[in-house]
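Structures incoming, each one as structure tokens.
Two complexes are shown next, each including chain A; its partner changes from chain B in the first to chain C in the second.
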Partner chain A sequence: MTTATIAGHEVHVDQEGFMTEYDEWTEDLAQTLAANIGIELTDSHWKAIRFLREDFEAEGETPTLRRVTNVGGIPTKELFELFPKKPAKKMAYVAGLPKPAGCV
Partner chain B sequence: MKRLLVLGAGTAGTMVANKLRPALATDEWEITVVDQDDSHHYQPGYLFIPFGVYTSEEVVKPRSRYLSAGIELVLGGIDRVLPEENLVKLADGRDLAYDYLVIATGTRPCPDETPGMAGEEWGKSVFDFYTLEGSKALAEKLKTWEGGRLVVHITEMPIKCPPAPLEFAFLADAFFKERKMRHRVEITFVTPLDGAFTKPTASRLLGGMLDERGIALEPDFYIERVDNEAKTIVSYDEREIPFDLLVTVPLNMGAAFVGRSGMGDELNYVPVDKHTFLSPHWDNVFAIGDAADLPTSKAGSVAHFAVEVFTENFLQHVKGQAMTRSFDGHANCFVESGAGKAMLIDFNYDVEPLPGKYPFPGLGPLTLMEERRMNHWGKLMFRWLYWNALLPGRRLPVPTSMSMTGKRKVATPISPVEKEKVQ
Partner chain C sequence: MTMTLEAPIPVFDEEATGRKLAIICSKGSLDMAYPGLVLANAALGEGVETHIFFTFWGFDMINKETMGHLQFTPVGNPATHMSPMLMGLPGMTAFATHMMKKQIEGIDVPDVPEFLEMITDAGGHLWACKMSADMMHLTREDLYDRVEGIISASDFIELSEGAQTIFV
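Take a look at the complex of A and B:
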């Protein structure tokens, strides 16, 4: 576990840069995290990010792409447009959540 | 009389019933197991059927033969569980009441969940090898196939036996070489993961093995549909991969009754505590094996290690005591690499597969993370152990929890390239 300074705040991150402390995340940080991976956040992005945050708080784990589509109501196709190529990882990264554990 | 009801007489369910029968007094406890049919499949054997190594007789036996005396087997489909009433309703109208319930109904491939997958080309140029019918049909196809573009494909994680698609690609490479037609076959491995496998060290190693064999890797491919006319698979980000022969692992889902009963997640897996397998919602409901939503591989080896922990915990739980054993997510898998060799990997929730020896540190006789003949023999011998020692619930001479003794941590955990992957 290491720390990184993002937008002037020191936060805990894993080796790949995913934030590991739920409460350290802020909406300002999300803007910077998104910029890091070349994404400018629109309302559609925020809808996905807010779902991820709420779902993590309720379930204790980062939702899968399937869950964001089925429960969050955002079509998979749209997620690929909003967060190109690796939507599951990129959404988690911007939302300040652990890397999705679905990959086992 | 109390009743333990086990749903599913596969690897996990059979072991649970057989391990608990001698530990629960017969004048106090009934053990009833429900399954839809009386055919127990040795599922790891499916992998070899397309290449003519195993026949279906070698991988299917009656379930009833593997349940100890004093265990009742009820054959019938499950309509739903009513967990508030401690009742299971069977499809034929019978009701089964329980005091404790263990859900062990596994996971299964669902090609219908992907548009076009179970379409016109299913069984002609689109196959799976996660069912007996699928692997037999593929064996027939391979007998006369003259070559072209072979695409080995994973729809979505999690799948049971995560290394199996890689093993299929390795065995296919060896099979076509043996038949002197490798030059007529282009093999592509298509996966929703960002590399050949799930965990970094194994992913690099297995990725290297794909390279050595001239197998192309197409990562981060999340399938939207199969185009039966164009004979392509199409991803959500509109990549198209043409095939002459598609060998796919369809979406894996838990049993449909789990969904109907409102007890599962989006894929019909039952949420349970990852260390004890107890449901967070019902204090007399457990799920074990592939049916549970555990963050480890869906595999028989996991079920085996899990049942060892579960049995002791269950006996404490029914006496009202705290459960003292904690499952660590231990899994190990033989990874068949073709031409009579295999690798062995050993890992758990927290530690990825690392090099070393197994099951005895320093001695082996099996070597972790390297291709060896001994591992291939181990894999073939395991089928005998499965029928004769594992299912009957005999203790195998291997530790339940993963050991770090003698294992070598591999340097360079995260390369800049992997860091790039997020970005």
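Take a look at the complex of A and C:
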């Protein structure tokens, strides 16, 4: 873990570039993180990101895709459309959270 | 004075690798249904094109009548670490199945029908083996709606060209 800058802000990130401090994340940073991976955030993206943030705060871990679907109420298909190919990791990256650890 | 570097950006789209996975599910017991499903789901979450081919007893995973009622039997399974004499007692399979289902649910893993729904929602492809269908006298109507087709072994070989193949 080291510090680096994202959009001019100094934050903690891991080797891959995932933010590691929950409280350093802001919605402005999310815009930059999303742009970094070619995603323009819409209301639907925000719904998923806010769920990830809230769920992490409550549970202490990044929710898996299944949890985003079942608890967050966003269908799996939609998640793959919003964050193509690797939705779980992409959502975690934009939400400033670690990658989900669950197998399912 | 040290300069803070720009944060790295994770590499998410390794399109160039064109990785593809084919999983053959040939077992119809509850414990053997999961390895294929878990791997398929994980691969899809990594953006890997994924096909599952159901053959022989694996048909129980996509047969509408059986897919929700797969069983686990401890008979002849040394991994249960229990007396083989006990394992054969009447009601033991039902009991063991019940316990395993509870454990699976306890770690928030879906049952087989919901798992297949999740996999197809994630873009996974399900195929049924023609020889098994013929043997068991089953048609499309008997199978889970999201199975894309009943295909021959040669079709599967064509379809899995360039894929890494896992046999369960």
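In this text, the second predicted complex is superposed on the first by the 102 of 104 C-alpha atoms of A that agree within 3 Å, B and C clash if a C-alpha of one lies under 4 Å from a C-alpha of the other, contacts with A are read in each partner's own complex, and residues count from 1 in each chain.
Keep this in mind: contacts are C-beta pairs under 8 Å (C-beta built on N, C-alpha and C of every residue); 3 or more make two chains touch, one makes a residue touch a chain.
Because the structure is predicted, anything quoted here is derived from the model rather than measured.
Trainee: With chain A superposed, do chain B and chain C clash or fit?
Mentor: The answer is clash.
Trainee: Name the contact category of A:16: first (chain B only), second (chain C only), both, or neither.
Mentor: Touch partners of A:16: chain B and chain C.
Trainee: Taking the superposition on A as described, I'd like to know which of chain B and chain C A:77 touches: first, second, both or neither.
Mentor: both
Trainee: With the two complexes overlaid, spot the stretch of chain B among 23-31, 95-103, 203-211 or 221-229 whose C-alpha atoms clash with chain C.
Mentor: For chain B, the clashing option is 221-229.
Trainee: Residues of chain A that sit at the chain B interface in one complex and at the chain C interface in the other, please.
Mentor: Shared contact residues on chain A: 15-18, 36-37, 65-67, 76-77, 80, 84-86, 89-90, 93, 102-104.
Trainee: Hey, which residues of chain C end up touching chain A in the complex?
Mentor: On the chain C side, the touching residues are 4-10, 12-13, 38, 41-42, 45-47, 108-110, 118, 121-123.
Trainee: List the residues on chain A that touch chain B in their complex, please.
Mentor: It comes out as residues 15-18, 36-38, 64-67, 70-71, 76-77, 79-80, 84-86, 89-90, 93, 101-104.
Trainee: For chain A, which residues are in contact with chain C within the complex?
Mentor: The contact residues of chain A facing chain C are 3-6, 10-11, 13, 15-18, 36-37, 65-67, 69, 75-77, 80, 84-90, 93, 102-104.
Trainee: Give the list of chain B residues in touch with chain A in this complex.
Mentor: Against chain A, the touching part of chain B is residues 156-158, 162, 193-194, 198, 220, 222, 224, 236-237, 265-267, 295-297, 413-414, 418-419, 421-423.
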